[in-house]
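First up is the structure itself, then whatever we jot down about it.
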Amino acid sequence: MTVRLAIPALILLAVAAIPFAAPSLQLLMNLALAKGIAVVGVTVLLRAGQVSFGHALFFAIAAYAAAFLSASMPGADLVLVLVVAVAGAAISGVLVGLFVVRYRGIFFGMLNLAFSMIFWSILEKFYHYTGGADGIRLPRPTVFGMALERGPFELIMFYLSLALVILLGWFTVRWFASPSGQLFQTIKTNETRLQYLGVSPQRALLTGYVLSAALCGVGGVIMGIVQGVVTPEFAWWIRSGEMVFIAVLGGAGSVAGAFVGAAIYEIVRTYASAFAGDIWQMLLGGFLLVIVIFAPKGVIGIYDATLARLTGTRANDGETRK
Amino acid sequence: MSEILLEARNLQIRFGGVIAADNVSLTIERGKNMAIIGPNGAGKTTFLNICTGWLKPAKGTVLFEGRDVTSLAPRRIVRLGVARAFQIPQLFTEHTALENLLISVSARERLRHPLQDMHTIRQRGEMLHLLDMVGCADVADRPVVELSEGQRKLIDIAVALALKPKLLLMDEPTSGVASSEKFKIMEILVKALAEAKVTSVFVEHDMGIVSRYADEVAVWAAGNVQMRGSPEEILQHPDVIRDVIGEAV
Amino acid sequence: MNLTIFLLALFDGIAYAALVFSVAVGLTLIFGVMRILNVAHGSLYAVGAYLTVSLTGYILALGFAPVLAFPMMIVSAVLVGVLIGGPIEWLLLRRIYNKPEVLQLLVTFAVFMILEDVQRLVWGTQPYFQASALQAMGMIRVFGVNYTVYQLIILPLVALVLLVGLRFFLRHTILGKLILATTEDREAAQSIGIDADKVFLLTFIVGAALAGLGGALASPTTSILPGMGADMIVLSFAVVATAGLGQIEGAAFTALLIGLGRSFAVYVWPETAVLVPYLIMLIVLLVRPEGLFGSPTARKI
Amino acid sequence: MKKLLLTTAALIAAPLAALAADKPAELKVGVTTFLTGPASVFGVPARDAAEILVEKINADGGIAGVPLKLSFIDEGAGAEALTSEFRRQVESEGAHAMMGAISSGNCQTLAPLAEDLKVLNLMWDCGTQQIFEKNDYKYVFRTQANATPEMLATVLYLLKVKPDFKTIAVVNQDYAWGRDSWQIFSTALKALKPDAEVVGEFFPKFGAADFSTEISRLQAMQPDVILSTSWGGDLDTFIQQAAQRGLMNSSTFVIPLAESSLERLGSTLPAGHIVGARGDHYFLHPERRDDADFKEFMAAFEEKTGAHAIYPVFHMSQALAALEAAYDKAVAAKGGEWPSEDEVIAAFEGLTFQGLGREVTIREDNQGVEAQLLGTSVQTGDYPFATLENIMIFDGAALTTPVGQESVEWVSKLTPDYAASVKVDSYDR
């Protein structure tokens, strides 16, 4: 058991050391952590066998909520901005969820896509309210009343993101193992039996849906704050597809996989263009093809398999079977 | 004291040209295990679907403990104390046998704590005992997909029993199982039902099982209840022998 | 909103609807048969457009008449279908039919990302504009507004031919019947000896060729630049999902619905022109999730 | 498309000592431009021009003896990639100065970032006037004009050439530039010609590929004048589709950025339409076309790219000229010593420099004052594309919003006789 815990702990330590060991990676890793949290939201839905093509909607709602709040309340505190943004994402998760949870499979995906594209169109076209295609600036919030310089602020954001990654990752893993998490996951295998246990599948899916919306919201607001600008592109359908892409690349259904996938994605996206011209999309596309066809359990699946072969224990897939 | 648990009154439903329920009326009394027999396509499963709210009848009402449940969704009827086992076991295919039961009891107890591990809930012992009652204690940690058809049938019934229902509706509990195992399963089943003090209704084709385990028998034909009575009366009745048993032999 | 404005909006709507339908029809055919939502359809559309522009430019350089651009469209469509559609199904999709739906979708998404970069590497990033086919057809003047014959007459005609042709192909030719049979029930089709693999390959090639044809038809009306695939594919999702996945005639109706909706929006409240297609999609899906013409799949236990 | 982004070893950036800065091995400057997307027809020529100019500067001994090295960042990759790369070049590559951006949207993002990173940033091409009017910057300068003088000059030219038009419609790109330029243009028009009526406003999305519905609508409205401040691939598409359907015969187009599209439009652009160049930029600039440096550059540019120079090339020449002038001024003020960043920034105060057009001066609010050139399109046959006639060059000083005032507010208070107060030089070709 220690090996299984040692490696993740080592990785977390390495990531925590980045701002000092390799400051040029700090921004990239911070974006990867934010995107990872959002991808955990998508992973939650994958556990119920559902794929949303529009979860960038909540990613963008949180980012824009933070931007509007900071614009209307200059010098708003970081904690307030985060809370309001994530609350915005969660509430919209409930509102959209009430419609969407009645549907499954392709219909669930398409309806989510419709909602996100409507929000994208509003952001893109209603220039005087939403800043249009250029988006809105998200000025640096104050931290406990102190207006910080860029350097210290980004350090705080980095470690805050890391803390959120650990906290939310742990919570999601524990929730998966909890009764309501297990009930949520039965939607994937047998909704009929779920009905015959006296549970409404819609309400079960809604709990998971709101959690996934909130997680995407956390990712969105961190991304918005770290970048200092929020654009309609946050809600574009390709970003929703990207999140599903990363979830499966990392390991469909695995929380750790979401972060691993996000890190790989950001690294390839940033450094591929430096070395190999502008073909980062092709590299990632090719990488995903290999994963989907030869290792459908994703990078985490490969990691688990090799670990199991090394330590001789039976490979289980991800954290649920603690 | 025999008291009416479930009552169906002139249920009517048709699928296209086929009349699946033609003015069906039937009462189920507490403590009396009812067997439903009849040729395939007679409307037996349809009857169970209507009683559990899966299908809405065109006409007629369903009462459970005197309360009209015709228009309720299955989950609402289940909450009142009705549970169901299916002809094809409806199990959570990515979970183990024990987990299927733990999920069922979690639903029953409405456990909402987001961080408590399901394997550590208080009712775990009760579920292990239930597994033992249905004779599947040895496969508790095996994924259900790896179990035999018979075991899966029993787990399906155990999942229903985990809800501590008042009434258990079973659709051909021993079908798809080798005839040698049929009696073993029924033995386990009746013992479990007796211990859980649950009234059961089960659709069955094997007359041997019907005669040994049913307190009452209802004969279905062409979407309606032809006859009803004790196993002895029904099984000797010429029409039954010709229409039902003739087929079965 | 006097009568002329209404009619003008109607004409523009029809022209746009014809274009959107000819792109979406390939997408819905592939889904109808193979239950796969081909995200790469957008790239096939873009490659069809790029190919047409290059081929037309080439034959014009050789001094041929502009009207020869039309056969070039067919050539581009076939090339896209065979050279790109074929390998996608044969090399990639064939390996994952038994895998969960999300993985099949992601394979087409990965192919989409690859093809987006391939376009950029082959054709660069600067916009292309090749409207000789459109100019060859000339203008007609309606209510004081000049319309290109290409957009107002040719495109709707081609869309009709596609609709009727596809219906005829599916209902009255052997290959068409094979495709329909495999759509209905793959195991049953295989049990009577239909080689489902060959049917899937042919369906995907036909679908990809239709996507290429959509791009080829659109090329004279728009400038060809990176990212056009992403915009058109999400609009095709709207058309196809609103009609009901796999419903070809339905897609014609919803393409018209969305085309008219968008063009009336430009006339009435331009800001919402981008919003209208997805609003229509949402309203329809909320009422009938399986789409206007899709059949609800009852769940049997 | 060779990538100039050479990632040197990721040294921790040498802190820029405030006082006696030692002379760097090379002056690193990061330049953002569009290398992909519809705007690449705009950004790529600017990059090619920069390479020629840098070669020339380094041949003449670099800037105050230090060779200049440019690294390009692609604005087409989106705001996310742009900001992280901009920051990476400043922090880990140790760039001494940055030149951000073509798109107004990107300028609004990068200006505060440059201020944060405390790095000199020259806004070499973007036009939105809001940046300096909303807050003041220490590290950010604009080496060219902004939307106000450009739109004012266009209105003045329009009123001189076609004073009696009645109705006007606008088709601008839906982002900062499109919206701001229309706000200033319409306010100026209301002030200088109150009876003009706006009959239609369209804002297709940036990078739109199909204008057929908008064109039908415009044909139905038959406006006398159609304004479009679009540029790059968008403008090319709009003009080509409009010309195809005869819209350019029924309405006069006012296209203040079309100088950059003349060559690409070839014979499509008919005669009689008002063309501007966001400054006095024209490859046949009446006052500069016979100067030695102008001819030499034009020959080198044509040889490298096979095309004629367009206004982003002129803006790039102005930005590099400003950079060189500032460093030379700061070095001279320090008796030959290499100046610190603050000293270079101080040198920008009131700096005058000359690129390929007339001289440009930087005001105390860091805004450049630049002359504006406009003309009417004509197909003379000397070139396979339209050229300009009836050219007028408006002096920049009177057109630029006074320091500290807000543009829209200042423009709204102008009166019809304001036109006479602006110095104009006219040339027939």
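Order as written gives the chain letters A, B, C and D; numbering starts at 1 within each chain.
In this text, a contact is a pair of C-beta atoms (placed from the backbone, for glycine too) under 8 Å apart; a residue touches a chain by one contact, two chains touch by 3 or more.
Not measured: the values here are computed from a predicted model.
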With centres defined as CA means, the chain nearest the overall centre is A
Between A-D and A-C, more contacting C-beta pairs sit at A-C
Cα centroid separation, subunit A vs subunit D, in Å, comes to 39
Distance between the CA centroids of subunit A and subunit C (whole Å) is 32
Separation of the C-alpha centres, subunit A versus subunit B, in whole Å, is 43
Cα centroid separation, subunit B vs subunit C, in Å, comes to 51
Listed in rising order, subunit C residues that touch 2 or more other chains are 120, 271, 273-274, 301
For subunit D, residue numbers touching 2 or more other chains are 1, 36, 203, 205
For subunit A, residue numbers touching 2 or more other chains are 124-125, 192, 278
Interface with subunit A, subunit C side, in the complex: residues 37, 39, 92, 95-96, 99-103, 105-107, 109-114, 116-118, 120-121, 230, 234, 237-238, 241, 245, 271-275, 278-279, 281-282, 285-286, 289-290, 299, 301
Within their complex, subunit A touches subunit B through residues 171, 174-175, 177-183, 185-186, 188-190, 192-200, 322
Subunit C partner, complex, touching residues on subunit D are 1, 35-38, 40-41, 44, 76, 201-203, 205, 207, 209-210, 212-214, 216-217, 219-220, 222, 233, 236-237, 240-241, 244-247
In the complex, subunit D touches subunit A at residues 1, 3, 5, 7, 10, 12, 36, 74, 77-81, 83-84, 87-88, 91-92, 103-105, 108-109, 112-113, 116-117, 174-176, 179, 203, 205-206
Subunit B contacts subunit A in the complex at 52, 73-76, 78-79, 83-84, 90-95, 99, 102-104, 106-108, 111-119, 121, 159-160, 163
